[in-house]
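Shared chain: subunit A. Partners: subunit B in the first complex, subunit C in the second.
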Partner chain A sequence: MAISIDKNSQKIWAVRDRNTQLTRWFVYFVAVTVIMYCWQTISEATTWFFVLDAPRIAGDIGGRAMPPKWPYINELWKPLWDTINIATIGTVLSLIIAVPIAFMAARNTTPHHIFCRWPALLIIVSTRSINSLIWALLLVAIIGPGIFAGTIAIAVRSIGFCAKLLYEAIEEIDEKQVEAIKATGASRWQVIAYGIVPQIMPSFAGISVFRWDINIRESTVLGYVGAGGIGLQLKASIDVLAWPQVSLILLVIFAAVILSEMVSAKVRAAII
Partner chain B sequence: MSTSMTASRKWRKPPMIKNSLMRWVLIFGCLIYLALAFGSFDVKWARVYEGLDRGWQFILAFAKPDFLSRKSDIIDGMTESAIMTITSTACGILISIPIGLGAARNIAPLPVYLVCRGIIAISRALHEIIVAIILVAIFGFGPFAGFVTLSFATIGFLAKLLAEDIEDTDRSQAEAIKATGASWWQWVTYGIQPQVMPRLIGLSMYRLDINFRESAILGLVGAGGIGATLNTAFDRYEFDTASAIIIMIIVIVMLLEYLSGIIRARLQ
Partner chain C sequence: MLHLNKLTKQYATGDMALKSVELEIPKGQVVALIGPSGAGKSTLIRCINRLVEPTSGSVTLNGKELTKLGSSALRQARRRMGMIFQEYALVERLTVMENVLSGRLGYVGFWRSFLRKYPQSDVDEAFRLLERVGLDHMADKRADELSGGQRQRVGIARALIQDPELLLVDEPTASLDPKTSRQIMRLICELCAERDLAAIINIHDVALAQMFVQRVIGLRFGEIVYDGPPDQLKPETLTEIYGEEDWEATIETINEDDEAEQGGVA
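So, the complex of A and B:
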């Protein structure tokens, strides 16, 4: 908060003093310059004729896509079931791996600061930064196309996410309870089982349902690179320009994602 | 803590779900589901076994990533990804602020609220790749489709969190501004904006980081960025180039995360 002085040398309240204001203008100036430069580069790489023509094309595609081809839904149940399985089993697998990693990464439970905590953090960062689609691409190249590759891809991608949130929850626990369990002469494992696990159980359940919900959304596109699920049908339909099928698939995906989000919100509300 | 005393007067851990019927139904439900799910899995173990060799080669490739032989492709892809990330984040923030204001129940009238929430729901439900596929069909190949995709995805994320933040703001501060006779515009800038600004900047930094990660896959469907280079590298089984790209993505994401951590810490 600062005071500025106007022409009649009267004091007026201003939100910021002059230096802060100038710094702010400078930051804005740099930001706008960078963004405009980037925009120019994109603009050069764009065929503007296509973009200007886009409303017509969009209308055309939309016209072809409506009405959705409803009978096609009978061929979608199996891929949809696969998609849900990929997400669910992928989440379960990732949780099995994420729990020990989270305990290794949390400052208060790690067995060794350098030999356990840093590798665990490295695993968390590297699995988190790579999108599940890239993991799927890689796993399809390695173990062949199919649901299995998709499940492993989802599992690997989720390890970092779950382990990160879980280790933050472990670091935030109430140490007094742990102390109390220790005072009874409990072993290391008993301390974890009776002092730490009950405290992180609610966040564990919340994290797993939250990640499951995200994974449903992610597994709908894994088929695009051949890793099973409804994305396979989506790619096949788009490749042959069967727009009525595409619109039906999009509707099914939309419904599945909204439903899973509702389930996850309900469960999280019940836990917390 | 319920001290469930059994006949032998031995303490047992209280179960997580109190209702025992509910507990057993849930456990059996999960078991049946897992059995069904694994039943419909057809894993070709022979193929998996064959692939392990290639997997090992890929892991070995991480030990000696090849940054040089495809240097110009990698640099082009990375610049395009970075450019798409910056523009789409900026554009996404600009659009998501009005939508976030509209989606906050305490400052927006009901019709506006419903429209804005609808936009957010659509943007959140559709995966970036699906949006990108459709937009590539409409706009043609190139970074413009990727830019629009990422901007659209940013709206769903940022507007939702911003709206929740606005709904959580302290009413009395906004009330005090209103009591001075401020217009709606002044009310928002002096009563609401200072309360949500630190978190908005933090979230924007976080979204920048997400957008970069996402821009790495948009290339798979022809929407520009490093993804196309990565896909080509995989298709040609050039694992050393692929591992170089993946390492670069990890390093950049780590740097961005570190940077956003510093900025968020300074703001709070």
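So, the complex of A and C:
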């Protein structure tokens, strides 16, 4: 806020003073320059012939993909079921691990700031920073291809996500309710069960279905690296250029994702 | 029954919230603690059940020194001190019944409380208390469905089911309208009389305090500057506690209000 006095000794108010305003314009200028430079670099590195050709190629593939090969769907039920299982069991596993980690990471519940909170934060950051596809790649190499590797990949990737959102919810609780429970002479665990858990239940439910919903989508591609599920069929079909199968698989994935969105929206509405 | 000896609290920021407070409260006495915001009223009652750890001094309840207790002994001592809060501090997403029963947490084990398998005697007592505070038909409602006055009644029931010897009451009426405030104060004082309970009530409304309590303590900058019967509160005393202001109106209205209230009840 800038308040100045002009020559008629009238108080003038402006949101920013002159120097702040000039600095802001300068920052805008630098930002635009950087964007233009990047654009130019990208443009030089692009073979524009391929880009201009893209609509034709896309049309070509689209033409071959139509109509979808409907009878192929009988081979997709099993992998689709696997995909849903990978997502669901992976989410449940990750929640089982994420809950204690969240309590260790939240400032108001951590048993120890250095020996519990920091390791918990480290777990959160490290599991979150690696994509589930990469976890799947590693795990397929370690425990062999199949659904189990996919489930663990989903579970590991979700720990950090769920624990982070949950510990933020724990830190935002109303401390007065906790104080009131403490004042009754409740033990540490009773304080958690009565003072904290009821307050974070809506967040917990929201986070669970939200992550399950994301995991349905993520698990559809895990098969690509051999970690089970419908991705395996997708890769096989693309490899042999069986476009009508590809289009059917994409439709099935699309339907599954919409269904999961609907379920999670319903669950969230019911709980909150 | 309750004795505070040279109770001192210094916060980590360096603020002296309580300066060597000496206080003796006999059994069954209801005391109002008045004073400006920041005088240390909340700190004082929280130092008694050690939601705030006192820096030095001692708190003795029925001959038991509370400041040196280990965590499990402290929990046992807390069971005998019911606390009532300004903004009710009910667990909003639990039912009225669960909130009242949570007052028994210090007496039942973890799994019993977790599975809500309270002893029948506790449930009976909860129903009795809910009836006494006029909420027996609300037992199954969720706490966040209640009005302010109703919530405070649940808070009172939760404190009483602890079977306390002492009530610590922190601004019980600050979030309530004037009429409800009086009803709540009357209820607290009646219940104290019925059960011969001592109570310390932090309160901003001097007139309301004068209407209901037997003894008023004025706190300023963490020190007791007045300790005496409510009718001895003079404008000069209030000036000493709160600072310069025209106090005549505050004190005078009491009698009028009191009469109006009496008339209304009759």
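The definition used in the following text is that the second predicted complex is superposed on the first by the 247 of 272 C-alpha atoms of A that agree within 3 Å, B and C clash if a C-alpha of one lies under 4 Å from a C-alpha of the other, contacts with A are read in each partner's own complex, and residues count from 1 in each chain.
Keep this in mind: a residue touches a chain if its C-beta (ideal position, glycine included) is under 8 Å from a C-beta of that chain, and two chains touch if they have at least 3 such contacts.
The shown structure was predicted, so the numbers you read here are calculated from the model rather than taken from an experiment.
In the superposed model, A:81 lies in contact with subunit B only, and not with subunit C. Of the two partner chains, subunit C is the only one touched by A:190; subunit B is not.
Ranked by how many residues of subunit A each touches, subunit B and subunit C are led by B. By the document's definition of touching, of the two partners only subunit B reaches A:224; subunit C does not.
Legend: residue contacts after superposition of the two complexes on their common chain; A:179 is shown touching subunit C, with no touch to subunit B. In the superposed pair of complexes, A:254 makes contact with subunit B only, with no contact to subunit C.
Contacts of A:238 after superposition on the shared chain: subunit B is touched, whereas subunit C is not. By the touch criterion defined above, A:143 lies against subunit B but remains apart from subunit C after alignment on the C-alpha atoms of chain A.
Contacts of A:201 after superposition: both subunit B and subunit C are touched.
Overlap of the subunit B and subunit C interfaces on subunit A comprises residues 194, 201. Against subunit C, in their complex, subunit A makes its touches with residues 174, 176-177, 179-187, 189-190, 193-195, 198-199, 201-202.
Of all residues in subunit A, only 31, 34-35, 38-39, 41-42, 45-47, 50-51, 54, 57-58, 61, 81-82, 85, 88-89, 125-126, 128-131, 133-134, 137-138, 141-144, 146-148, 151, 194, 201, 217-218, 220-221, 224-225, 234, 238, 250, 253-254, 257-258, 261 touch subunit B in the complex they form.
Per the touch definition, subunit B reaches subunit A in the complex via residues 13, 16, 33-34, 37-38, 40-44, 47-48, 50-52, 54-55, 58, 79-80, 82-84, 86-87, 90, 121-122, 124-127, 129-130, 133-134, 137-140, 142-144, 147, 213-214, 216-217, 220-221, 224, 227, 230-231, 234, 237, 242, 246, 249-250, 253-254, 257.
Considering their complex, residues 49, 51, 75-79, 81-83, 85, 87, 89-94, 102-107, 110, 113-114, 155, 158, 162, 168 of subunit C touch subunit A.
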